[in-house]
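Two complexes are shown next, each including chain A; its partner changes from chain B in the first to chain C in the second.
Let's look at the complex of A and B:
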């Protein structure tokens, strides 16, 4: 496959395929590399993992790449270019079990901030020569393009969650991660509620656990790295922030960061922005 | 022998391995002359400067951290310093010291990652550190590197809350400063790390690399009393010495049509070299005592103009970072308050800190409401890109006689000398690919 912007053929091996251990692959789309780094940051487990699986395709770590198919593929990043939209299809075809890792792959991540703007304005504003730019108008999660077998949330992901998911797959068990809110992690840590006690806006009640509730423990409000929980009460939280004196625009910005394009956060932010606009018009 | 056919050779790497991000290499020679040379970046554009517009100045550290998962601390630090300049805030000596400790942690994890997992395999003919670890004689070396990296990450997590995209640094200081006991608990590990780093210098200095000594202009920060991290003047090996505020008078970044590459260069002076080799060469007398002693043991001469020696420079900085981290922990007084109150103020300001890969420049304009109106970010790798291409142009003739696979590998290794972070370099730029 020749991609339009000259990216590589997607899964191009330089070694012949050989069967044995389960084959692990790591693919990158638009991202900061921070989630695939979780594998290399598993300093105690990396060599053991390399003994259990064949690391068949992991370009950040090895210049040797093996041909697909792969038993497990970790996919980092959002889909932001025509080449990426094509390449993810090939990754899916080559992958038995596909895991989207991190906020970019599961919700479009920070790249999805472009989805609220006219991409041509962005290009005009930022680039000396807009004609060189080849990009899609939106940044979208992997699941908008192909079937995803498991999603691991986070900006960045938690390396222990990644290891738990890989371990489950290695022993033939369906992986799972907690879907409750950050509040549960705060209670477990014994952290006093920062919103109640200090009046600091915190997304903990509507954000999925996984980080270990580090922000409230470190005296700041949660900013939603792990995306919305299954049934978040966004309206109630937004009202609470307003009652605490936060400006609507400030709350919109809080909803609209690294998981801003995830449904619940997106709808809540858009609604608040619309309300604010209408009230400004009424006042004006 | 008479023949009319030209000898055409092509060095081609579709997807550069062991670098952060997506890049490719394509070099064509005919009869020994380079007819085409391209270090292609196909990492997609990531519009960070546009995303920053309209956001609060207080959000810049969290947003810019997402440019790079390997060096988020550097982005946080450059953003925070720039914002504090704009709002005219000077932090306490205790906050300043904690920032330096925090930066040491990032240098340790990032340098250990590069030296052991990304760069060393080239010198040893291995595809990866995992392949190195499969050899019994090299496994202890890989384990040493992983342990050093882990200690850096542990220090980073104590101060920042987590290793990747840490959550505590903010304009004004830190949301929370660690207790003395939390840092002291890591002291033995850091002492082990210091010894391991000294061994790393001896080990990397014993590696074999090609003779290759271009005429570089090294550029780095320089500080009167410290090895440069958060502050300093911009100096170069060709006599430049300017305050950070004048950076854009001497350096320019171009979106060039003929190469379709982002090129930072000295105005009127061509490419330049940032990163550990530049820092060590320009700040030899500021290296910590243990780093200076380790350097003397190597028998290598510094300033050193061979880019392959950057693995030694990175190792020397590992020694420095471990040694300074221990000193900072021994002298640590938790800043009280950990975070100074800040008020927005309309203005414009820029700052450079030394990311693991070299100078990282941020400039912002904010309004009186604290919202960002404009942002400019120069990543270290985008500053080195033009230099990497110049290196390849000079290096290719000397490897043409080698078998293609070996020549290709050496060109890759040459690029990896710079520890390029292509994800960073494309925070705003996309290179279009010229088709022939």
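Let's look at the complex of A and C:
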């Protein structure tokens, strides 16, 4: 359909200004607050965001808190205590869209390293009065507990991706973030591959883009902060690191960091550990 | 010193130190020089201004999935093969803003991005890469439509080519008929022989850039030395690829078990396509502001190894590593011929060296050739 001036039909205008603004909430579970800080760090865009949404609950930013329901809830952190396991149910009930943000909320985070060990050993070793500690045996992502509408990866998340997700929700569009590898970002910025040129094991080929390939640009291997790609070939990468001379334990440690409990990284690490154990037994 | 300027097609000799005068002429003519230079761990392409920015006295060892810098025993200026970068990033940049769209008076206006077109002088374009540029010319300029940004950059580009006297161990240009000697498309073509650079004048602009440079007509001995070096180079390519029976060899082996084997090793990380000097696939990304008043469209390099690339209505048409690797290799070495009239591979070896999984397409093709249907 053409407009009267012969140009393309006008894009549908925004909602009228008097319409109620969508209500945004930000919740924290077991986490370092770094992903919430990514939102506060969006300094240039924060006022514009405040103009588009009502920031109803964001205790890191404001002591004014409004009761639910909320149109969009950003949830940071993993579920690590019985109290959190209950509270996330209430957050879900109060939220139209629930967006899990960061490695803790999407994969359990660094604290999910506890999942490979006995939590009671940690409690005994760390706390003077273990009886006061009420915790779960595991740290798990939000999606293990409630329905999640979108997962935004990263440790921490990328503020531009967060703004893109919020913008998409404001206009009723499916959020779109890249799911390809960090290698694509490395090549776009012209970084020479450190695995090929320096023999450094790097998780880039199996890790989702989003960070802008920061670590390889500073000659460090990728730590997998954005979790597994859409199609990670973990076994092939593990075999390649072994062929390059890395010890199995070293590779397992690389797979098990901030996103170690994400399915692909977890299964690959466990498999490699098991292979190493059986080969040690055979040798022994 | 001869006081006349050499003619197009002439072979002349200059002292190696005189190359700086050519650089100075290029700079005076407004060119930004892009050439090989020593990076942290590889010979990379970047802006250079002096001949001392070149990796003089350096070379490298390349193998599948491996690249290591090495000191040379001499002070050769161009004693190395291609590195991780290709000229593609300057002619077809990885990220390019295309236009801005603004909401206005109930409609919208589109404002095309009009960046100043850079005027590059590419220093050290190898014959394989010259062929790669010719392939991208066919894709972007002679394929029924024209890529305007590419065209503007390409028309302004000056090409100082360098013949390859020391191919790398993943090079196979001799198999592809794309090297080690350059034939066409250059402004100046340089061959490095002991003590001097032999130059072939390829264009009027190339001739002009020799103004004020000390030169002499190349003597028979110098020409013969260069010829011998190139003949020797032809016979010590690190890799070989038998291109006979392509593209049919691949079309007849689409269900070969080798595709499964390579799929087990392939990381689907897209590195091969990003380093390939002929791969041209791109995507466009739209970014809008929070008020939904302004949006930008940006073109970015894409890859047939990214899942979104093959996502169409109803699902993904290449959901497995096998399907994606097969698509890439059969495009390069088979359907490219149907589409553009040449193979899509120039034998530069980048996809072999820069594959973190050390996959070697020459090995894959010979495995299919030996065990496959012919």
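Quick notes
Quick note on the criterion: the second predicted complex is superposed on the first by the 265 of 284 C-alpha atoms of A that agree within 3 Å, B and C clash if a C-alpha of one lies under 4 Å from a C-alpha of the other, contacts with A are read in each partner's own complex, and residues count from 1 in each chain.
We adopt the following convention: a contact is a pair of C-beta atoms (placed from the backbone, for glycine too) under 8 Å apart; a residue touches a chain by one contact, two chains touch by 3 or more.
Please read all numbers here as calculations on a predicted model, not as lab measurements.
Superposition model on chain A: chain B and chain C are shown accommodated side by side without a clash. By the touch criterion stated above, A:208 is placed in contact with neither chain B nor chain C.
By the touch criterion stated above, A:113 is placed in contact with chain B alone, chain C being left untouched.
Of the two partner chains placed around the shared chain by superposition, chain C is the only one that A:184 touches, whereas chain B remains out of contact.
In the superposition on chain A, A:38 makes contact with chain B only, while chain C stays out of contact range.
When the two complexes are overlaid on their common chain A, residue A:80 makes contact with chain B while staying clear of chain C.
Between chain B and chain C, B contacts the larger number of chain A residues. Applying the stated contact rule after C-alpha superposition, one finds that A:197 touches chain C and leaves chain B untouched. Contacts of A:55 after superposition on the shared chain: chain B is touched, whereas chain C is not. In the superposed pair of complexes, A:94 makes contact with neither chain B nor chain C. In the superposed model, A:164 lies in contact with chain C only, and not with chain B.
Think of it this way: put the two complexes on top of each other by chain A, and the tightest Cα contact between chain B and chain C is 10 Å.
Where the contact sets of chain A with chain B and with chain C meet, they give residues 5, 7-8, 219.
Residues 39-42, 44, 65-69, 83-85, 89, 94-95, 103, 106-108, 264-271, 274-275, 287-292, 300-301, 303, 305-308, 321, 353-358 of chain C are the ones touching chain A in the complex.
Interface residues of chain A facing chain B in the complex, by the touch rule stated above, are 5-9, 12, 28-35, 37-38, 40-41, 43-44, 46-47, 50, 55, 59-65, 80-81, 83-84, 109-111, 113-114, 117, 122, 125-129, 131-135, 155-156, 211, 214-215, 217-220, 223, 225, 250, 253, 257-258.
Taken in their complex, chain B has these residues touching chain A: 14-22, 24, 40, 42-51, 55-56, 59, 62-63, 66-70, 72, 113, 117-118, 121, 127-131, 133, 139, 142-143, 146-147, 149-150, 153, 161-165, 167-168, 170, 175-176, 254-255, 257, 260, 412, 421, 423, 428-433, 435. Across the complex, chain C is touched by residues 3, 5, 7-8, 10-11, 13-14, 45, 48-49, 51-52, 163-164, 166-167, 170-171, 178-181, 183-184, 187-190, 192-199, 202, 204-206, 219, 229-233, 235-237, 239-240, 243 of chain A.
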